[in-house]
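Listed after this line are the structures, all set down as structure tokens.
Below, subunit A partners subunit B and then partners subunit C, in two separate complexes.
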Partner chain A sequence: MQLEFKVMGGDFANAGYASSEIKKVLKQINIDPKIIKKVVVALYEAEVNICAHAYAGKVSVEITPEKISVEVSDKGPGIPDIELAMQEGFSTASPAVREMGFGAGMGLPNIKKNTDFLDIQSTVGKGTTLKFINYLT
Partner chain B sequence: MDFLSKKLYIFVSILGNCFRTDHMTHKEISKLLNGRIIIGEGSESTNYQYAFASDLMSDVLTVDSENLILITGLANLQAVRTAEMSDISCIIIVRGKKASEEMIQLAAESKITLIECNYTMFRTCGLLYQAGIKPLY
Partner chain C sequence: MSAEQFHHALKVNLEKCYGCTHCMSVCPTEAIRVREGKAIIYEHKCIDCGMCYRVCPVKAIEVEQDDFKSIFNYQRRVILYPSVLTGQFSPEISTLQIIAALKHLGFTDVFEVEHGADYLSQAMQEYMNKNSGNKPYISSFCPAIVRLIQVKFPSLVDNIIQFKPPLDIAAVYYRKRLIDEGVAPEQIGIFYLTPCAAKIAAVKSPVGEDHSSIDGVINLDFIYNRILKVIKSNPGIDTSGIQVPTLRHQSIRWALTNGEVDRFEGRCLAIDEVHNAIEFLEKLENDEIPPVDFIEIRACDESCPGGILNVENRFIAVDRIKKRAKAHKDYLSSNPTENPLMQYKTHLDENCNLKPVQPRSMLIIDKDTNKALSKLERVRELMCYLPGVDCGMCGTPSCRSLAEDIVQKVAKLSDCVFIRTKMQKEKTLGNNLSYEITKKIWGEKCMDKDCHRPGAKHNNHNAKED
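== the complex of A and B ==
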């Protein structure tokens, strides 16, 4: 099964819509609630990152009997130093993002914590692609 | 502290513990906090045992617990989205903040109880702790 959603940069009113829809699907097909929570928390963090930092993005989810694979790609400024961005507490979020309750520098570390595999590719001035996997078995 | 004061202190402590509980329903919570249940009045009575207080949703997304109450002064859509992704079914909005129509609608869809309360976050936490609600760590 494959699902795809568009995410707009700066659109905080709809941040989390894709995660919410994917959560509904995962519940319908009886995925373990603990795995659902991990997947949607990671996905929501990624969605918020697009809203906070990028111009536009796309969420693609593939569900197989073995795993849930997620790809979140965006067109945006990119991440100059991924290692630094992975450190808890490091943030480049604007005051507006912090007013929404985010921008504490916990996003990427929390995505890593909630997934079994994480790959981040980024090009400065072009955008970022996150791929993560949660195994079902 | 003289002998009589010590005795009185012990008596009051024991009496206080008699009224402590290890869980509370949303109706009991609202009554204790002199609050208002905005949505979820008739929902199934979950027995809440733990609470987490934060205005920072990035921190809320890192916690992992069931039967958790979220205490926050952040009255925006992302507080409800964060609760939805974190499987939190009760939000107490403190400091007299009001839930918006969008928040109420999303909470209804996600079966999340919203309680508004005029107390500060500190007072809210103190009252719930005194009543037996536990911290996560």
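== the complex of A and C ==
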């Protein structure tokens, strides 16, 4: 099954829409709640990152009985040093974003922790593409 | 326990039900369908919250109860009444008079449920301090919420605090006390005066324990009239031998919104009303809620004073209960009393734990993930054809639920009135067949003239039978 969602930069009010929808699907197809939780947390963080750091983005999800593959790509500033960005607590979030309760620098580390496979590709000045996979059994 | 074994206290009276869609559209778990002009409840989805009961225009949703006479099968007839009972009566009627009236009606022992909250508030705080179980802790108080979590939020079942609610604690205590007094176990009948259907379901098919410690339930609206009658016909009813309840004043407010939250340290939230609960649990499940230690959630607006079997307006009842709690505080400061239940702490410690609550997801469209996935694909395909207006004319609450019912082979695409109209125009469906389908969903009567319908010329459906 294929699903697609749009995510807009700055639109924190709607961050979490894609992860909620995916959660509904996974619940209906009898996936272990613990696995669902991991997927939802990872996807939510990825959505928030588009809101916080990029201009616009897209979430594409493919679900098979074995695995869920997620691609989150955005047009945005890109990440100059991915290794640094992956460190817990590292954040370039603006004060405005922090005031809204985001920007603890735990997003990418959480995505890493909650997925079975993660790949990040980024071009400074163009955008970022994050791919992750969770096995469903 | 399999889904078939779930006991529900809400039943549709097929004589009265005329197949309107009020209940179907408010049901928070989409558990209701209309077939042949009658509402049917899908047992595995029902959480006994009573929303259907509230909105039924002809009182066709009924709450079962045990025969009142069955109390006389026991020598010691104990009634556990909730503090909300005292909020039903005008302030001129005292708690002592209510207790006296309950005795007059045949109970030998009358005990306020919230005595159990004195013990529970301590036990829960200890449980939370020990960091047992998953955080945030969710109260086990409201059975409709426990069931909601089981069917709709299975990933949160381990967050439910594994402690019995005050009702069960009061029952465990009272039974033990009578046995210690030398009363034979078979002579003891413990009854609960319930403000809602969910508590009945909890007694009849408990979650997290093998059998309930309560022998029967009496509905609050049933007893209300009788208490009132006793007090009205015996204005000077003798209350001299009756003791003022010995619970802490805060426990009187336990079943009100914030009643639990006010007792605990840490970050606590209180949520009431079932749709609010769903909205919140959805976010909690997605980890979108900042860290909290404890969550009190009740299915009714204003918590138990909003229970479907209450008689008084919930806001008025809340105010009265708060006033009573305040007066009780003053009373206790000049008349310090011991809650006898607290002397049974060790017994309660041993008997008031719940086993882990098991999920029973109603959402799973097929246990086999492979099949589920193709069914879900099919649902999405069907949604391309259905109009998305959620009109309910197919006898299901939404286009989406029709699509799911079609995939589960309990409904047909032609059940949709829009599809049917189009098929008729395209002559792929005859007029007769179209009529038959409407009849299958709504029954024949809905197409006949009937001056006794709600709002019609000779309507008199509102008279309540007793």
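One rule holds for everything that comes next: the second predicted complex is superposed on the first by the 137 of 137 C-alpha atoms of A that agree within 3 Å, B and C clash if a C-alpha of one lies under 4 Å from a C-alpha of the other, contacts with A are read in each partner's own complex, and residues count from 1 in each chain.
In this text, contacts are C-beta pairs under 8 Å (C-beta built on N, C-alpha and C of every residue); 3 or more make two chains touch, one makes a residue touch a chain.
Treat the numbers as computed from the prediction; the structure is a model and nothing was measured.
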First, second, both or neither for A:Lys113, with subunit B first and subunit C second: first
Taking the superposition on A as described, I'd like to know which of subunit B and subunit C A:Ala104 touches: first, second, both or neither. first
Partner chain in contact with A:His53 - subunit B first, subunit C second, else both or neither: neither
Subunit B versus subunit C as contact partner of A:Gly16, first or second or both or neither: both
Touching partner for A:Gln28 - first (subunit B), second (subunit C), both, neither: second
Name the contact category of A:Lys37: first (subunit B only), second (subunit C only), both, or neither. both
Would you mind listing the overlap between the subunit B footprint and the subunit C footprint on subunit A? 16, 19-20, 23, 33, 37, 40-41, 44, 101
In the complex, subunit C residues that touch subunit A: 154-155, 282, 285-288, 290, 359, 361, 363-370, 372-373, 376-377, 380
Given the complex with subunit A, which residues does subunit B contribute to the contact? 55-59, 61-62, 64, 74, 76-79, 81-82, 84-87, 102, 110
Where on subunit A does subunit C make contact in their complex? 1, 16, 19-20, 23-25, 27-31, 33-34, 36-37, 40-41, 44, 63-65, 101, 136-137
Spell out the part of subunit A that touches subunit B in their complex, as residue ranges. 12-13, 15-16, 19-20, 23, 33, 37, 40-41, 44-45, 48, 100-107, 110, 113
